[in-house]
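My questions all concern the structure below.
Naming follows writing order (A, B, C, D, E, F, G, H, I, J, K and L), and every chain is counted from residue 1.
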Amino acid sequence: MVLNGPNLNLLGTREPALYGSATLADIEVQVRERAAALGASVTFAQSNHEGELVDLVQGIGGNAEGAIVNLGAYTHTSLALRDAFLAAPIPFVEVHLSNLFKREAERHHSVTADLAVGMVTGFGAAGYLLALEALVGVLRARR
Amino acid sequence: MVLNGPNLNLLGTREPALYGSATLADIEVQVRERAAALGASVTFAQSNHEGELVDLVQGIGGNAEGAIVNLGAYTHTSLALRDAFLAAPIPFVEVHLSNLFKREAERHHSVTADLAVGMVTGFGAAGYLLALEALVGVLRARR
Amino acid sequence: MVLNGPNLNLLGTREPALYGSATLADIEVQVRERAAALGASVTFAQSNHEGELVDLVQGIGGNAEGAIVNLGAYTHTSLALRDAFLAAPIPFVEVHLSNLFKREAERHHSVTADLAVGMVTGFGAAGYLLALEALVGVLRARR
Amino acid sequence: MVLNGPNLNLLGTREPALYGSATLADIEVQVRERAAALGASVTFAQSNHEGELVDLVQGIGGNAEGAIVNLGAYTHTSLALRDAFLAAPIPFVEVHLSNLFKREAERHHSVTADLAVGMVTGFGAAGYLLALEALVGVLRARR
Amino acid sequence: MVLNGPNLNLLGTREPALYGSATLADIEVQVRERAAALGASVTFAQSNHEGELVDLVQGIGGNAEGAIVNLGAYTHTSLALRDAFLAAPIPFVEVHLSNLFKREAERHHSVTADLAVGMVTGFGAAGYLLALEALVGVLRARR
Amino acid sequence: MVLNGPNLNLLGTREPALYGSATLADIEVQVRERAAALGASVTFAQSNHEGELVDLVQGIGGNAEGAIVNLGAYTHTSLALRDAFLAAPIPFVEVHLSNLFKREAERHHSVTADLAVGMVTGFGAAGYLLALEALVGVLRARR
Amino acid sequence: MVLNGPNLNLLGTREPALYGSATLADIEVQVRERAAALGASVTFAQSNHEGELVDLVQGIGGNAEGAIVNLGAYTHTSLALRDAFLAAPIPFVEVHLSNLFKREAERHHSVTADLAVGMVTGFGAAGYLLALEALVGVLRARR
Amino acid sequence: MVLNGPNLNLLGTREPALYGSATLADIEVQVRERAAALGASVTFAQSNHEGELVDLVQGIGGNAEGAIVNLGAYTHTSLALRDAFLAAPIPFVEVHLSNLFKREAERHHSVTADLAVGMVTGFGAAGYLLALEALVGVLRARR
Amino acid sequence: MVLNGPNLNLLGTREPALYGSATLADIEVQVRERAAALGASVTFAQSNHEGELVDLVQGIGGNAEGAIVNLGAYTHTSLALRDAFLAAPIPFVEVHLSNLFKREAERHHSVTADLAVGMVTGFGAAGYLLALEALVGVLRARR
Amino acid sequence: MVLNGPNLNLLGTREPALYGSATLADIEVQVRERAAALGASVTFAQSNHEGELVDLVQGIGGNAEGAIVNLGAYTHTSLALRDAFLAAPIPFVEVHLSNLFKREAERHHSVTADLAVGMVTGFGAAGYLLALEALVGVLRARR
Amino acid sequence: MVLNGPNLNLLGTREPALYGSATLADIEVQVRERAAALGASVTFAQSNHEGELVDLVQGIGGNAEGAIVNLGAYTHTSLALRDAFLAAPIPFVEVHLSNLFKREAERHHSVTADLAVGMVTGFGAAGYLLALEALVGVLRARR
Amino acid sequence: MVLNGPNLNLLGTREPALYGSATLADIEVQVRERAAALGASVTFAQSNHEGELVDLVQGIGGNAEGAIVNLGAYTHTSLALRDAFLAAPIPFVEVHLSNLFKREAERHHSVTADLAVGMVTGFGAAGYLLALEALVGVLRARR
């Protein structure tokens, strides 16, 4: 499961200097290819609605063994998503396209990062592939 | 009206050591029984969506004389729900399953508590029954 | 485009001492009339849902040359809406019915105001007309 | 054991708009009646002296199975009482007549609330009865 | 009465990218024209001296029915001017040429804004005209 | 009623460079003389115990028309005494021997000063006489 | 020397509920009478200009043996006046008409209070008389 | 003089994992023995009452050449005890059973530590013996 | 242009231990001599009035190629002077007689220092000569 | 270049539950293998000395095209290393073994992260491999 | 092992009023004598270099059963030393010559104190002997 | 003695827009020439190692009558260097190439500036010559 938050549907057109020119669909293709190479399969989801994201996280345990998560702006504000992840039975890796530490101070803090296995931040679309590799490694080590 | 916020639909399965093993349906049964005993009737609602909860609070005056409210994580972050309660014409009691004061610091603050008649926190599912009793008392005193 | 956030659908009934007795429909009529006088046309939208508002802002560039925005309580909390405006290709003016500086401290801060052309605050329904006039001026100066 | 802190001996005469017109003696009568109905018995104590309250809490384990505690202003300042409760072998419920969250900011914090089972705040004298009911429930569940 | 604070006499030459190329005299002409169109008349004053501005505000009640006020840097620091406005018997509108929220943090706070009817910020010289329109509307509604 | 808090019984011997060489008994004599000259009479009390001071304030209404209060270190820490004065039906004047503003920062704040008519600080023993004069003036103006 | 800061020339008309109905001229008469009774004479000065007040304080040593000072709003903001008092060779007493501790938090701090002998706050016009009495006492004790 | 504050009478039974199993009486025996070996004698006192502790500190000069002080929770909150030690004419050593720096942040601060010769913290009952040795050394060096 | 702020006219008499015994006239003589030696000429100005200093800075571009500035206490508080320097077309060097970093914390911050070429602080009257040398060097490098 | 800071020489023995059982030599072997597979070569360095690390960073441009950096505790405190990286002409990736966001608050901040391309945190030794892959991708994209 | 940090090699000459006239060599002699009396032996080390101290702490487990540690200024700033102690397998006692609580606020905090058994502060050279005694007691109790 | 801290060995190549194109060797030549002209001689030292700089400061008294000090990034973080200067028997002048007040907030604070005679900041390499002149003046005045 690869879960994407608000405004990530605009990728490729939104501030390309900051977020790159790949669209979310481009990233999905790359992630699927890498997943296939690693013997895994992935589901993609995106929503601008905090509540829908909460619904998705609540259902995540039945649909996936692990998750790659980019909650966009909700990363910094949503206690409701934090609570949903607290109740989720699977490990997840947090990924951000831009380097959070180069952004405004309120984006240096993530309400979910301490629940994640780890975080990959600053490598653009390539960060999803690194996160996938990391997650597959974690899942294999746990078996 | 008993209004429940995000992740409360997971009750019974989500962190049972913290929130108890009763489901929201179990609580609904208990609250209905106690309400009947007190000569009152109740409506139950739950949503993970902040906007839907705002809609519900906006409609609350036409549907109920008072409310029992557990906004989950939105308790600590939602000014939009605070504004909705500011406009609501009925008294409400705030209830929390866990003792907020045993949780992280950001959960010690509630954006709606000063608008409520009062708060009951820390008694698990039983808190809903205490809140109901308190609310019925307040409503009878106002008549 | 005139975009309105949570609880603004209650205008006229919600705390009239603070927000005035005009309903959002009344304001829409006045804005349309003034727009016609200025040779412009307007679309009105309102939602209590942060995600729907993000959707609306994402689509704003295709539908309008500029926007008048009153995000209600999300003005103070929604980084997701800030991100949506960061990606929006058109200028907007922020308007508030009440004078934000007479309200509680957390309402003195706006997460979108530094992205707006400017702000008009404190003049009730008339503020929408002033914002319209300001926006039309800005758009004409840019041509 | 129902333990009452400074100025609660003034109940009924002290700021009745805030604290109600019931005296502490009136509350004692109501609590005794409800306790009898629940098959329990209660002891009442009140003191304006922090040291006497520490003494009372130190002796609480020998005299009671549980406690209802309203420490008045010491709720917000007394680490000595916090230490005494840390050493006390019985569960207690914290009760406040007024809604702490409607008061000044320094009254939103309680130095003992995280040690309590939970808190009931804002329901006036009725809060003692709710606290009693809650405490009896907790004690029965622990047996 | 249109009251202007320190450095506004430099308008047109001082940081034109930020404040525009209109001089204070240009603005005065525009405001007088718009006032005439609205059936009102205006007096203009400017000073770099806090004390002179206090004197002007003290005399404002005898000279005008309302005021448009741009106190420049004193907006953020002068409690003496705040006190003078507290004693002034007429409504005023606060106006700023640049968008305060795009400036440094210490310029986001105004010591007089909560005393004003409202604020118009970010529209350059046009802001004075919007403020005039707003003020005339307020004065007519009060009659 | 002249009420004195902790360590004021040491006056004359405790840090005379800071507090002066007059003992509390010396001050009592001076205050009685001045009171007699003003046609008033006074009672003196001192205690190192916060609880006893609360008891004294609770009983103050029956014993006096007004009070002069020097709570010593409890001035800065005792919410219990603040609550007692909130319930007291008579006006009081706060007095301090040393100039609080020359002391450490935590002594610049008084938990009772906003409840007092006013404060006299920094004039040593003479401050009691000034406070007496002020209090008598206030009581006569209220008649 | 009795030195008065900004807006004190409005006394009697400015917020009489807060500052009383006596004008500064009324206070001057009362202070002169009391001074005569104490065998002293006084000069009165008032200015709304921080710079003029600095000039007055600089000249204070040649004109007076001591001063009574009410700097109005400059009490809370003027480091320049603090510097002037640091260089002044005579003792002064700070006086405020309203009780500073009942005002907004930024008025609880005085930049000159630690340089003064002491402060008298909250007794309206009578505070000037108390300050005079205190100052005369201090000057006589120093001879 | 060995002075002990609130809840130290519970030693041995109160949180033995934190404070050890020695009672205060056990410690008294050990301290007396070590004092005898060092040619000194000691008095022991304990109280849960802040006021009684103030009384004890006020009388300390007449009864002892130096003191060992463990004020328990009052260490962190009691300005009244700080004032009493400011007036006390003898040196004292502050001792704490547990390591204050392993406790909550509010226990890292002591209102009396800067008045003490020094502090010994974290060595359980043995800390009293180390404090005694340190104090005897200081007293001998001063002779 | 050498610009001097409030209380600098007292130099030589005001706190000589801190500011030295040279008067401002003495410094003017030394600066003129050194300027002559460097082939430059200087104008001196001093005012206690913030507004006059703003006027002087506004006119500085027409009168000088560069400035040496000691704004005294306004260094730490005057946004109006900061704005005036923002609009000034010439480089300036900030100088302070005492070492700001040895003073109270509020004097460690300068509202103009980031606009200056640099700062010289702590060398008494000699600092003006060093500032002159630095300024001449900067002006020559820019030609 | 792979640069390792203080205490990383202890890897494998230091808190293995937190940092894993791989030694730094084990990691070096894995990184060399992966580098070879990617057609790159690596140098490893480790030091406990801040100054030596500054020396290494100063020399980094001559020795490598990019760097993988784990500065251990200096990540959070060393402005000197930040300055060295500011002057370094090559891109670097920051890596941490443990998830910084699960650690104490002072470890959530990195003084170099905003200078890095990005950060990989929380994946143990595998993080070095992910960082290598990310760095190689960045270097190839820049060619 | 007795480990000493920066500037402790200057003992006896550096600020003797604060740190005493004993040199580090003098202290070493005293500690060796007391250790011999207690049947223990000690190694002494001192360094001004943070990195060398990290090296020493890393090697501490092989050389000693326990340590007495005075890290000088690094006590307050070095996370690298904190990390080294986190990995060290032996107990240590922290000692400071001066009373940290009489020093500036930034010296009240120690980054290692919560890892130590306890702290002895304020007794000059004698503090090393007390720390030795405490450490020997702890080591014997653990056997 | 001219003492230079971390990264100053990179001068001329490191961020020349900020620090200028002169190397440290160039500066040394200029300082030696100016020193010769003033009848003084200088020693230059630079190190990236905090410990080495502490060693150098400890030995400074034997080698020089005064010092010019640019500690680079350690200016803002090193309490160990502050302690070394506290023990140094000679005056020093602090110099910075760039204007500290134009840099990030954490570079506005210097841990040694209050120990220095004064500071020269913002004049690039010329600042060393100004500092030399200032230091020679101070040393001559002290003779």
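By definition in this document, contacts are C-beta pairs under 8 Å (C-beta built on N, C-alpha and C of every residue); 3 or more make two chains touch, one makes a residue touch a chain.
Quantities reported herein were computed from a predicted structural model and do not represent experimental measurements.
Q: With residue numbering as the guide, point to the option in I-L, A-C or B-D that repeats D-H in over half of the contact pairs.
A: Matching more than half of the contact pairs of D-H: A-C.
Q: Suppose each chain is reduced to the average of its Cα coordinates; what separation in Å results between chain B and chain C?
A: Result: the chain centres lie 32 Å from each other.
Q: Averaging only over C-alpha atoms, locate the centres of chain C and chain D and give their separation in whole Å.
A: Each chain reduced to its C-alpha mean, chain C and chain D end up 49 Å apart.
Q: Would you kindly tell me how far, in whole Å, the mean C-alpha position of chain H lies from that of chain C?
A: 64
Q: Multi-chain contacts only, two chains or more: what residues does chain I have there?
A: 49-52, 77
Q: Got a list of which chains touch which?
A: So the chains that touch one another pair up as A-B, A-C, A-J, B-C, B-D, C-E, D-F, D-H, E-G, E-I, F-G, F-H, G-I, H-K, I-L, J-K, J-L, K-L.
Q: Within the complex, which stretch of chain E touches chain C?
A: Against chain C, the touching part of chain E is residues 99, 101-102, 108-110, 113-114, 116-123, 126-127, 130, 133-134, 137-138.
Q: Give every residue of chain F touching chain D within the complex, in rising order.
A: So the residues of chain F touching chain D come out as 49-52, 54-55, 58, 77-80, 82-84, 86-87.
Q: For the complex, give me every residue of chain E touching chain I.
A: 5-7, 9-10, 13-15, 47-52, 72-74, 76-77, 106-107
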